[in-house]
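Lettered A, B and C in written order, each chain numbered from 1.
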Amino acid sequence: MTGTAPAARPLLEVRGLRVVFDGFTAVDGLDLTVAEGELRFLIGPNGAGKTTLIDVVTGLTRPAAGQVLFDGTELVGRREHRIVRLGVGRTFQTSVVFERLSVVENVDLAAAFRLGLPRLLRVRRGVSGTVAEALERTGLTALADRPAGELSHGQRQWLEIAMLLAQRPRLLLLDEPVAGMSRDERERTGELLLEIARDHTVVVVEHDMAFLRSYARTVTVLHEGRVLTEGDVAQVQADPRVREVYLGRRGAGDEPAVPAGGEVG
Amino acid sequence: MHALLGQLPVGLSIGAVLLLVALGLNFTFGQMGVVNMAHGEFLMAGAYTAFVLQAWFGAQSVLVGLPVAFVVVGLMGLALERGLIRHFYGRPLDTLLLTWGVSLILQQVARDVFGAPNVDVAAPGWLAGGVDAAGVRLHYSRLFILALAVLCVLAVGWYLARSRTGRQMRAVTQNRQLAACSGIDTARVDQITFFIGSGVAGVAGVALTLIGPIGPTLGSTYIVDAFLVVVVGGLGQLRGAVLAAAVLGLLNAYAEFWSDASLAKVVVFAVIIAFLQVRPQGLFVLRSRALT
Amino acid sequence: MTLTSPPAAGTAAPPPAAAPALPRWTGPAAFTAVLLLALVVVPAVAPPFQINLYARYLCYALAALGIALAWGKGGMLTLGQGVFFGIGGYAMAMHLKLTEAGPGGLPDFMVWSGVTEMPLLWAPFASPYVALPAVVLLPGLVAAVLGWSVFRQRVRGAYFAILNQALAAAFVILLIGQQGLTGGSNGLTDFPVLLGVDLNRPESQLGLYVAVVLAVAAVYLALRAFDRSRLGRLLVAVRDGEDRVRFLGYDPTVVKTLAYTLSAMVAGLAGALFVPVAGIISPALFGVVPSIELVIAVAIGGRYSLAGAVAGALLLNLARTSFSEQFADGWLYLQGALFIAVIVFAPRGIAGLAASGRELLSRLRTRRTAAPAAGAPAEGGTP
């Protein structure tokens, strides 16, 4: 189960993407192809355009130019919830869960997004199979009835992932899922990631090099809004350009290249 | 055609009043995001300042009242900010309700002190009469308000762009945390912003005495329109406020001319809703993360 | 601009976390007790004029229920709810005036202001089959159109509140200005007959009171069911993180418009019931100030609680009546101070205080039972 399957058809294709904020070019002619079933890591120094890329794919940011094709369907210009309905799900760097709702309510709400109005008007009775499975996979079953606001940071990230899983998306975009987590939590998240990747296409933005080494297969390195290089972990780490890009700032050590939360692009 | 032209000064004069009453909001709502429903009562306080000064300065109380009201009402604003509002930053809807309570109390104070009936503030003799231009009567008092509005906008614009505190104000608006990190005393900037915003409301209140008699409910007649100017102009945008006030003033005048005063209000509201379909954030948008 | 995370609404006082659990039967039991009190005890004890007064308060309480839904659950500060109260009220009042005038006859105030022909706007309201549905459908339609157009453009928070207030201001000015159509600032008054029943008889007033009580109870139950449904949970989610909800594949515009429309329909119903109860509808009853007073009533009762909203509206109106009888001016100070005090000291209102009290009580009780066993707290829980 390692390495990519080059024969698989592309699920996500980004072509010639350009994003400009008030004159500042955050993404500049980016091309990226993610095949169905792949687990892809996106890395790059601060401001490389990783989060911006995810923002564009999910409809939060409009590009100045370029195409984003999801299974052949153009995503640019679609509203956020439409893109989700096509099967693209994402998490955020700072996890946003509904603190006033219980854990199970959060996941149930995520799972119910395809229901029509009449069924939405009904009271939730029990826990559906999808919801139970998402809770089980993320290890949150025991916490199901707690208000989400009581969860720890790591548990909130898992809840976000559970909410994603409950939506049965075809493509998962995870934005720094282990930022701010303890070593233990990172390990658990890594295992979860590998487990999810078995039956999902997953793109992970991550700063954490140790995490990358342990769990990444294919890595795409972004730098100044473009793809610097692409390959498996060893190849990328050996690439002198990658070293240069990172050493210019801090070096690809075990520490995140930048403190979490300060991400701009 | 002639009648059509005749509405132009009417509209601009309404616009000037709108701009004056909304200018203070440009600070409190625009720069700080505080919805101060007592702003209307600050207008009223300015108007009553001129009324009180009448006892000493007679017909010149309006002129004297401008700077005095600026300080008096500015201090009222400062007290409000220190006493209540600062505890509610980041909770605009609660601030709204809170300041509405304050406005109720201020109205009642005015009733107890000055009586419920409206009172007149005599305008200076040199503001009586007007000129006829192109067959349209331009009252001096209206021209005075227009000039005052222009003067206030220039002063505010200069202050925000050139003065040290003004620049700090804009910095705080755009990114409060960053501003605080770069050594700006944000609490002090908040106080000054609120002082000036309220003071400008006081000045506007004095100007309102030139339009007609004043009473305890003076503020409530203007508060909604004042906020609409900011909504249409764009939060914290001086040029937006100027343009929005002019457009809303003209729209009011012409809608009133073609239908009647009561339908005009509905027309203006409908136009604003339609406008928000095109520019939901107003004419000009401040590009800032802090405000999203 | 990119957002690393969608901004939360963050515009209100912290809503309550899960309420402390009470035995299952307490809710229904309390509800039944209150209903019996209102339907049996109050009519037996209170004199007729007071019954009428309570019926009025309950009409406000009904409108407050709608606000608790839109504002408390949905985070939309509906500062112009009086508009919908007014539309419902006028629809009902127009029907009653036409009934009074008889087939083909003009309402009295129109004759006085020199109107000779039935205005087109009025004609349909002669039929109860048009007027009675219109009481809720018209406010709903206005709210749906307004809500959809502003929510779609992500106009929210204070902006939405201000637009609501502007709507209320414009509506009142319109009603006052169109004297011949609306009766101007006097409004519409004197309604002797409703659906063939003589309203001036004391039994009719009692009947109206009962009808209003039942309406409040029914709307309360309906909104409570809505709140507990998935859609209700979704509404709360939209309140706390509208942008996050988009990324769950929902369109917040639909959810918000729906809740806003529902609250407007409830307000319309309240206005319609108010008309035969009070015998008058006029712009002064639902303008900018009464609209905001309704919101304050909800704040006092507890914005996150439907029952709190009802209690708040009743208490505020009771207090107003008893205080303003003794010192009219003092009431305005008191009212202003009350608003400030509630927002500052009890942002969750009476319901919040009650919940804290319950929480305290249950904590005391658990401490007493589990006092010696200073075991591990139930916090933390890593899986």
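Everything below uses one rule, namely that contacts are C-beta pairs under 8 Å (C-beta built on N, C-alpha and C of every residue); 3 or more make two chains touch, one makes a residue touch a chain.
Bear in mind the structure is a predicted one, so any value in this text is a computation, not a measurement.
Common partners of subunit B and subunit C, by the touch rule above, are absent. When chain centres are defined as mean Cα coordinates, A lies farthest from subunit B. Central chain assignment: C. Criterion: smallest distance from chain C-alpha mean to the mean of all protein C-alpha atoms.
We define each chain's centre as the mean of its Cα atoms; on that basis subunit B and subunit C are separated by 32 Å.
Averaging Cα coordinates per chain places subunit A and subunit B 47 Å apart. Distance between chain centres (mean CA atoms), subunit A to subunit C: 43 Å. Among the residues of subunit C, those in touch with two or more other chains are 1, 3. Contact of a single residue of subunit B with at least two other chains is seen at positions 287.
Within the complex formed with subunit B, the residues of subunit C that make contact are 1, 3, 7, 10-13, 77, 79, 146, 149-150, 152-155, 157-159, 161-163, 165-167, 169-171, 173-178, 288-289, 292, 295-296, 299, 329, 332-333, 335-340, 343-344, 347.
Within the complex, the subunit B residues that touch subunit C are 29, 33, 35, 84, 87-88, 90-94, 96-98, 100-105, 107-108, 111-112, 220, 224-225, 227-228, 231, 260-263, 265-266, 268-269, 272-273, 276-277, 280, 287, 289, 292.
Residues 1-6, 8, 15-18, 225-226, 228-231, 233-234, 236-237, 240-241, 243-244, 246-251, 379-383 of subunit C are the ones touching subunit A in the complex. By the touch criterion given at the top, residues 21, 26, 51-52, 55, 58, 60-61, 79-81, 84-85, 89-90, 92-102, 105, 108-110, 112-115, 117, 119-124, 139-143, 146-147, 149-150, 152, 155, 163, 167, 175, 261, 263-265 of subunit A touch subunit C in their complex.
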